[in-house]
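In the two assemblies presented below, subunit A is common to both, partnered first by subunit B and then by subunit C.
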Partner chain A sequence: MNALGKAKVFDVDKIRADFPILARQVHGKPLVYLDSAASAQKPQSVIDAISRTYGHEYANVHRGAYYLSEMATRAYEDAREKVRLFINAASPSEVVFTKGATEAINLVAHSFGRAFIKAGDEIVLSAVEHHSNIVPWQLLREATGCVLKIAPMEADGSFNLESFAAIIGPKTKLVAVAHVSNVLGTILPVREIARLAQAVGAKVLLDGCQGIVHQIVDVQDLGCDFYVFSGHKLYGPTGIGILWARAELLNAMPPYQGGGDMIESVSFAKTTWAPAPAKFEAGTPPIVGAIGLGAAIDYLNSIDRVAATAHEEDLLRHAMSSLAQVPGVRLIGTARRKAAVQSFVMEGAHPHDLATVLDRSGVCVRAGHHCAQPLMELLGVSATTRASFAFYNTRAEVDALIAALRKAQEVLL
Partner chain B sequence: MTQTATSSPENPEMIAPEITFAELVENFALFDDWEDRYRYLIDLGRKLPLFPDSLKTELNKVRGCMSQVWLVTGHPPGDPSKFAFAADSDAHIVKGLIAVLGVLFSGQTPAAVASIDPEAAFAKLGLDQHLSPTRRNGVVAMVARIKAAAAA
Partner chain C sequence: MNADPLNDDLRTLYQDIILDHGKHPRNFRVVEHHTCKAQGNNPMCGDRVNVTARLADGKIADVAFEGKGCAISIASASMMTDALKDQTPDAARMLAHAVRDICTGKDVQLADPALALHMEKLAALSGVRQFPVRVKCATLPWHALVSCLEDKAQATTEK
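Moving on, here comes the complex of A and B:
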């Protein structure tokens, strides 16, 4: 597609030098970090931005009339503008800072949900959702009496658009699905999902935690109404996340929490809200988190993201074919459209045992239900082992994973 | 059903360790690499008495994130003055850790159970990383249940 991006060689060694932690060892072995889907490592520029802010430019935002507070406010609002450009939102007032994707989804469930969803209305989720995109809707169901419906998944982990089309209808008020599955890596057909949902008058929330990491996101082009993600999976700090929503929705939604910074005027008789996004940012916000996320976005803009994605796809293909050759290993999640996340199970070895033994070889993988217990039940397993890849990983690290797995088999079986 | 004569839901076979903790420390000291240490640990787990499937209930489940662990407490056969337990996990390494907890706690007096410091013991075996509260493998939760049951 992008001949220019393809033609360039992706210099992974140069990229790795930007991430100081990748040079360390664990248990006397070079670190092989294959858990970026849980949280990504940070480039030096993000670490520097955080320490520069605290060291030189720190004060509370939106309050002080003095130079330092103005500087901090500007840096905080600059970060919002960076996010806006990164996801191509129409206006910075559509970008709400939260403490993470989980809070962003809870915000929508609480504010949009309680204002616009009534008993008998339907919310459609997919079978692959993270608990963060299940439980807030269950809480809303308890509060309102709305109905949750689950769009099924194919055996290979792909999304079934036909079944989805069949379960949505005039009662569907919201469709809330992952952009990319954190367990299976499946890239959901989110444009088609949004088109079908909007045809029945439903709003669409995309959980972009994994999507924004592996895809170039243009929220206007996706056709969704809400897009949420966490900064820490996007090479930024923890404690910061994004809720993007269309301006007309944010303006119609009531506040989620009350406090300072979110009001226009307060009296004991009546309080009026500030316009979005301030309406949804009660209290002192995660200032340094936002600035750190801005630095992470600067970093991503400084590298060739098309080449980075191609590199991740190469790692995934290499991992899938290498894993398939290990006796007793079964891949979980083999949809055609996939991002660089691979779950698997190994006959006779519990994922917990595998992760524990792999750790001794310096290999960090995730074992467990990945906060997606309903999906585990559907897959008929209690847990999987998951290797997830970022553009700073290498083919040699995939080989190290395979070697460590073979060694684990010797120990465990 | 896979049950032995001595292990039934009403009366599961309690862990009756064949070695002392001092012997366990000696055995662990024989290995100089982690592979052998893990192999030995897993072998210890394999030798645990059978835990009846019917006891793998929600009630007996111990909170752990990555693997499933079940635990029931009681007394050694014919000795109500002492504490004992039976437990199982679907993960081999956790099962080995259960065996280590068995050596430490099963068959001891309630006073001894209360005084044993499992953290120090795991450190002596070089297994202390498994007893950190951040490793949600159920070991910390098992110790809490064992201590509470023995004190009750």
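Moving on, here comes the complex of A and C:
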């Protein structure tokens, strides 16, 4: 909240004009897009960068000895440098392009996991994890016989550091947790988690899919060993994600997939690997995805992110207090430190029915288990409705959500 | 009642009979001494429905369900159990097929007058045809039923 002090007035109308889709209607009603945590909308500059690349600057990268290929290679590597600066990585060779956060976690589980995690070693996850930060470790458990432990959560959705400290120990080799919960919005105390984990010799992976959207991320300051995120939640295209890892880890890790572009030399007798990041980018990479993500980062650098975050916090507060006034609504996830994501349930109305009725008012929300079924079980619900906010949303859109909920009660109750 | 055609769609989907069965499901239990059972899952949303039945003398002597889901899937399951008691498995399969058809926008004519009478009530489920993502909610219990009659343990809405 210290950011609020110096936040300037945030011109949300000017921001909205950068996102062409926000001007459209759905079912004859203005679009109210409250599902950015699932995937964010794209500014025109990202759409233009993709179109310009395919239209004028496209060729395969790292191959052709001709002008266009050099141009595409430069744009691809420039995007890597933009990501490096955006997360303050020490070197661009620590930034690996993947097809998404899910692939990045699978890469770590497959490569780091199989090389360095043995039977009986422990991996600690949190109770709020997305399936993408659960299932890869279960696959690793099947392959290696390692043990998964779950750090508990408080009733309000906050992370319990004391319980976490009690379950980690010398057997803990990896702690893999969300930076921000996609269901509850909880901002996990990741610096403290990293400090405690590293004190017992464990590596730390942060799933930054939601974190990097709502927080300014400095991977060196966070003190983690791996940080992963997806481009499409950060206003960039689909099909691109980032694995950041410390150089010494990437150097020690074996390849994840074999193919072109990841080798130093190939013979039928022996193949040697290229150094990172190429070692982990087998085959033709998502070239235009990377360039589009670079354009999204340019866009984020062009706006006042401190003011944008303050605006999102204002939307969250407005949503929490407005939702609490709707009869029968119960907020799910009320931790003190939260990003602009709010789950809730309404008495007598299943989230899917709510989402259907809301849609007819132009309001897009997510309903279901949010790919976090173990968390749903802990919460004692089978599904929730989730409204998630980006800096392009407005207080009027929160009010539209509330009005649509009241209408849903008329239809469903 | 309302001039807004979009609202009319919603009223067609959530008509009183659907809301009534959704809030007060019939036969919401496990059939005692059931002879077959099946679970229906919608992996997309996590909805679950367990169907149990007791077959005797070539007929469905009892059929019931348990589960978690939206108003549409619970109402569909509830109306299904109402319609199927004392039907033959073949008639049950015919109704299941007919429900799938009306939910996806096809018209259905059943020759058997008794079944046609049941279809009149089940026609309320056809409101989902204006809501393509909700079709699976209405058909899930019927998928589970067909599996139950074949005594497959699992049914799923994903093909």
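As a convention for this text, the second predicted complex is superposed on the first by the 406 of 413 C-alpha atoms of A that agree within 3 Å, B and C clash if a C-alpha of one lies under 4 Å from a C-alpha of the other, contacts with A are read in each partner's own complex, and residues count from 1 in each chain.
The working rule: a contact is a pair of C-beta atoms (placed from the backbone, for glycine too) under 8 Å apart; a residue touches a chain by one contact, two chains touch by 3 or more.
Quick caveat, the model's predicted, so the values are computed rather than measured.
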Joint occupancy of subunit A by subunit B and subunit C, clash or fit: clash
Contacts of A:Pro152 with subunit B and subunit C, given as first, second, both or neither: neither
Subunit B versus subunit C as contact partner of A:Gly64, first or second or both or neither: neither
Touching partner for A:His350 - first (subunit B), second (subunit C), both, neither: both
Subunit B versus subunit C as contact partner of A:Met376, first or second or both or neither: second
Which of subunit B and subunit C A:Pro189 touches, first, second, both or neither: neither
Intersection of subunit A interface sets (partners subunit B, subunit C): 27, 349-353, 356-357, 360, 367-368, 382-383, 411-412
List of subunit C residues in touch with subunit A within their complex: 6-7, 9-11, 13-14, 19, 23, 44-48, 68-72, 131, 133-134, 137
Contacting residues of subunit B [partner subunit A, same complex]: 34-35, 38-39, 42, 65-68, 90-94, 137
Contacting residues of subunit A [partner subunit C, same complex]: 27-28, 348-353, 356-357, 360, 367-369, 373, 376, 382-383, 411-412
Residues on subunit A engaged by subunit B in the complex (per definition of touch): 27, 349-353, 355-357, 360, 367-368, 382-383, 407, 410-412
